[in-house]
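The next part holds the structures, each set out as structure tokens.
Shared between the two complexes below is subunit A, which has subunit B as its partner in the first and subunit C in the second.
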Partner chain A sequence: MTATSAAPRTLIQRVSNYLYVRPRVSLLMLLALPLLWFLIVYIGSLATLMVQSFFHLDGFTGQVVRQFSLSSYAQLFTPANVDIVQRTAGMAGVVTLSAALIAFPLAYFMARYASPRMRPLLYLSITLPLWSSYLVKVYSWKLILAKEGMVSWVINTLRLDAALDWLLGLPEIGGPSLSISPIGIYLVFLYVWLPYMILPIATALERVPKSLIEASGDLGGRPGVTFRRIILPLAFPGVVAGSIFTFSLTLGDFIVPSVMGNSSYFIGQAVLSHQGTSGNIPLAAAMTTIPMLIMGIYLYASRRAGAFDAL
Partner chain B sequence: MSNQNPTPAIRFENVHRHFGEVKAVDGVNLDVLDGEFFTFLGPSGSGKTTCLRMVAGFDRPTSGRIFLHGDDVSELPPYERDVNTVFQDYALFPHMTVLDNVAYGLTVRKAAREQRTRRAEEMLDLVRLPGLGKRKPSQLSGGQRQRVALARALILRPRVLLLDEPLGALDLKLRQEMQVELKALQEQVGITFIYVTHDQEEALTMSDRLAVFSHGRIEQVGSPAEIYESPATEFVAGFVGISNLVRGDVARGILGTDTTFSVRPEKIHILEPDAAVQGGMDSVRGRIEEVIYLGMYTRFEVALEGGGKLTVAQQNLETSSMDVHTARGREVRLVWEKSHSRKLGGQA
Partner chain C sequence: MPSKPRDPQAERAPWPISLGALLAVLFINFPIFIIFLYAFTTDEQTFTFPLPGMTLKWFGVAWGREDLWAALGLSVRVAGIATLVALLLGTLAAAAVSRTKFFGREAISFMLLLPIALPGIVTGIALRSAFGLFDIPFSFWTIVIGHATFCVVIVYNNVVARFRRTSWSIVEASMDLGANGWETFKRIILPHIATALLAGGMLAFALSFDEVIVTTFTAGQESTLPIWIFSQLTRPRDRPVTNVVALFVVLIMAIPILLAYRISQRDGETQLSR
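Up next, the complex of A and B:
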């Protein structure tokens, strides 16, 4: 073998050499498939959706009029629709906040205290519920929370029926039973989305070097100060990432409210019925822009608040 | 010492730190005097960093006590101790500006913003980084981060500054500059520095005194010259500088008794094989096996007549690489002053 190698013999060698000296071609080959998918399936369908939202339904014929108009958007501001948006966003907010409150201490334990042997087990047990079917989980909760279900039995055994009745009697969030009430919707949402909050926070906390915490203590920071000034700001991108999941998943879901809820619609249910039963695709499309808008505002506000400064 | 019994800045009293079965620190007794530049020198795993962390409060002794200026601090958390630390990885807060990093100690103590800013700017001047306060740590070079870490640790005017291999991540040139600067800074601020390093050259350059650590114990404490010229144990002789260890029959052949001893390579002269040996000198015959030209000096590996090897270093005063390489294979006589044969105790 000489140092200056002879011309490549096989086809594979020639192709490799060709690509090696032309990094742009290799990059194009690498990205061709995801790029096509992203452009057509993702951006394309989103664009179609946006275009649809500017059409409107002819009130007499029930036909979609393919002309630019803002009338679908105008319909969003009817009291019934405003009510739906408020209900959904409120639920998403409360679910997100509760998930963050439950997830943070657990994630903190996983990242800081769990032994190297215990940590993978914890991650496994948190992701384990995600392996089973979403529908099965939701219907299981329906049974758990039903009037004759497990939770009622426990409450009954503890002689706390009065408290439960009081809770279910509250306006707006109450209902005939836990399984048919906003409280039930809230509990199930919290259960199904919690892993999506725990994992990003735990990841963010794990990336905070121990020396930063020691440095804060070394400079006189008591544990509370260290938590507030060092740990929380550095874990905040994880909290935001987790809240994007819990918030947007709640905004878009129609199964949990229809299984657990009463007759009050959430955005997802409204979209479903507009494009299904009533064939008002433009209004359905206009409604789906609301979660997008809310998420956009949320991300912008987080950024302004410095949530991503540590990234 | 003029003072009869000054309170030491730091005192280790029979300190042990065990991690399960591992005895990271295994009975350390030590006094560090106020205002000293004191170095913990040792290989990794020798217990030097654990000792530093116990002074800072990040770690607590399994048994034994640690005193800071006479007060027992063994059970105090870091935020109750009047010491500050420069971390090996600098540990700068990535979400804060340089100024906020430096001012952190004052912020935590709820100092007024004006005072915080003024003091932080003073500290940045002290470490010669004026005007960089608005940057984020990620926008600084390694050397600059090191200085920020130093400024942050000094802003509370601690009586003791702990430095955990602070120059380890810097390249050689910058490291040598910083060594000189750190030493000057220590004299300027006049506080006790505890400096942890595995680099024996660094330890010799900067320290007033140093402790050589091995397997969780201190092998020897002394000034750089004492440690270098009179190593107390085989370990110290081998770890600090290059050293020739001679033992057994070879030692008997040279000294007349089989006491293990060490002799530094630069103390040995190379003479003609049958040259006369004066009184007061130790000597041995051998053959030059290897010649390593190192620019400033040349290292010769000499195989001794009675077995064993000695390393000899000679400054290249008039010779050049062409000359020294002709020495390979030559029969020689090595001589050195008897006082440079350091008899050793302890095990390696």
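Up next, the complex of A and C:
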């Protein structure tokens, strides 16, 4: 027996052995491609976005001036733009709260009461719509809420037209019909993001140990107390995890407001129109920093609340 | 006498919770059925309910539309290539993160999650501004780059979940028995993560096939199927055709989702949440 017979013969074997005993090198090889892609394509793009937000548009020529300036940021504080930000953040907040309220009973039912046969069916009935086409879901609400559509028909049959007219006549939230009004935008946002809220809450609730609930009962906690002091705090990270999606998705959406809305812009629409027709990428970039900033704070706070374990 | 222990599963829900759950499930599923109904309507100008009549005419009309076939073809090609890129990058990242503990490991998961955790317009306008700054013209590939970037995390989540249940001793055993790295990958690791890749790939495909927000910023003049539908939503010209397209999109997208769901039922760890 010579020493060489045990040595790897082919190149590929030698490379394999080399990598096997040097985990740092193999780690680097595994990480190289995804890391490069994300650093160049994603982080790189975000960096160019930041850089361009400090350029500005020349008022006379309509050309982008590649010099440092804060004028794009200054434009964010015009009343019209403040209005847009308030409208969008307000909608995101209301949609998130409503989604949490509607999602909780269902998630609670799934986690605690659904029989082993029923649970996968419930799960599927949320997962299928979640992954179903986003645009088709928006479109279906255009059909449902149309002036001559289903909801109007039901309201008409129930002779509640006066109530609908009163609702649509309200300032701020009303409009010519449900399918062209902030109420419509709210309903569609609530619908399309609701599954994102249900699943993390259900996951968090499933992790609450049965023994803990029983212990609370044994120690004299009535169901209401157990719910408030045991279940709710443990489900909270799930609610926060869900709210990251509902909040962020609402902040960055321009589809629903342009399909269901009137001329009052949301952040997404403003960004889209600045970069498109007027070619004002610096202003669009500066405007994008608002949802990024809001989400940055939100993500940081959620991380501290332990929400990432529930994702 | 000890009574039979109460089965916690047999516990009955209080009625407000059952009712709330039922209403939420109906709310989530009801609009999808509306799509099935309206594909058959005879109404060309409005969305009248109850339907004035039923017809199959619009299926034929939609079938003959060249622009629709072009949009569908583009969407399938984009989603296919974006999925392949996501499979490669997502699996590599998952292997790295599962294999060793290293500094910045958390930061990498976080970075992969960012494109879907940050608002969609952020990814869109960031890519748009980068393409603009470096004079990269919009093309098929600019769409693919955007899609691949936000699809990586879907594959990554699925493969990480699988690796978490994997004992690395099977890899060591394979190497001890004389297999080289490539053989170990082909005969041990790949079969082991195959269904996780399939599920992740299916979901990544579905995500890309349906994406419209980032695509709006990276497509230029090209029209994917979601962009076609969006243009119909804001300026309706072909309402009956759009009804039929909506029905088909629901049916097409159900296939990868149901497949991924079946895998998750069998393997128990597939990440179907986004």
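Throughout what follows, the second predicted complex is superposed on the first by the 281 of 311 C-alpha atoms of A that agree within 3 Å, B and C clash if a C-alpha of one lies under 4 Å from a C-alpha of the other, contacts with A are read in each partner's own complex, and residues count from 1 in each chain.
What we mean here is this: contacts are C-beta pairs under 8 Å (C-beta built on N, C-alpha and C of every residue); 3 or more make two chains touch, one makes a residue touch a chain.
Everything quoted here is computed from the prediction, not taken from an experiment.
*Asks:* Scan A:R222 for contacts with subunit B and subunit C and give back first, second, both or neither.
*Replies:* First partner only, subunit B.
*Asks:* Looking only at subunit A, is it subunit B or subunit C that touches more of its residues?
*Replies:* Partner touching more subunit A residues in the overlay: C.
*Asks:* Quick check for you: in the superposed arrangement, does A:L212 touch first (subunit B), second (subunit C), both or neither?
*Replies:* It touches subunit B, and subunit C stays clear.
*Asks:* Classify the contacts of A:V15 with the two partner chains as first (subunit B alone), second (subunit C alone), both, or neither.
*Replies:* In the superposed model, A:V15 contacts subunit C only, not subunit B.
*Asks:* Just to be sure I read the superposition right, which of the two partners does A:G93 touch: subunit B = first, subunit C = second, or both, or neither?
*Replies:* Neither: A:G93 stays clear of subunit B and subunit C.
*Asks:* With both complexes superposed on chain A, which partner does A:P233 reach: first (subunit B), second (subunit C), both or neither?
*Replies:* first
*Asks:* Please write out, lowest number first, the residues of subunit A touched by both subunit B and subunit C across the two complexes.
*Replies:* none
*Asks:* Taking the complex as given, what residues does subunit A use to touch subunit C?
*Replies:* So the residues of subunit A in touch with subunit C come to 10, 12-13, 15-16, 19-20, 23, 26-27, 30-31, 33-35, 37-38, 41-46, 48-49, 51-52, 102-106, 108-110, 112-113, 115-116, 120, 122, 124-144, 146-150, 152-153, 191, 194-196, 198-200, 203, 210, 244-245, 248-249, 251-255, 258-259, 267-268, 271-272, 275, 281, 284-285, 288, 291-292, 295, 299, 311.
*Asks:* Would you pull the subunit B residues touching subunit A in the complex into a rising list?
*Replies:* Counting only subunit B, the residues touching subunit A are 56-58, 77-79, 83-85, 87-89, 91, 93-95, 104-105, 107-109, 152-153, 156.
*Asks:* Inside the complex, what are the residues of subunit C that reach subunit A?
*Replies:* Against subunit A, subunit C makes touches at 8-9, 11-13, 16-18, 20-21, 24-25, 27-29, 31-32, 34-35, 38, 46-50, 88-90, 92-93, 95-96, 99-100, 102, 108, 111-115, 117-123, 125-130, 132-134, 145, 148-149, 152, 175, 180-182, 184, 203, 206, 210, 212-213, 216-217, 226, 229-230, 233-234, 242, 246, 249-250, 253-254, 257-258, 261, 265, 272-274.
*Asks:* Going by the contact rule at the top, pick out the subunit A residues touching subunit B in the complex.
*Replies:* It is residues 209, 211-212, 214-222, 225, 229-230, 233-234, 306, 309-310 of subunit A that touch subunit B.
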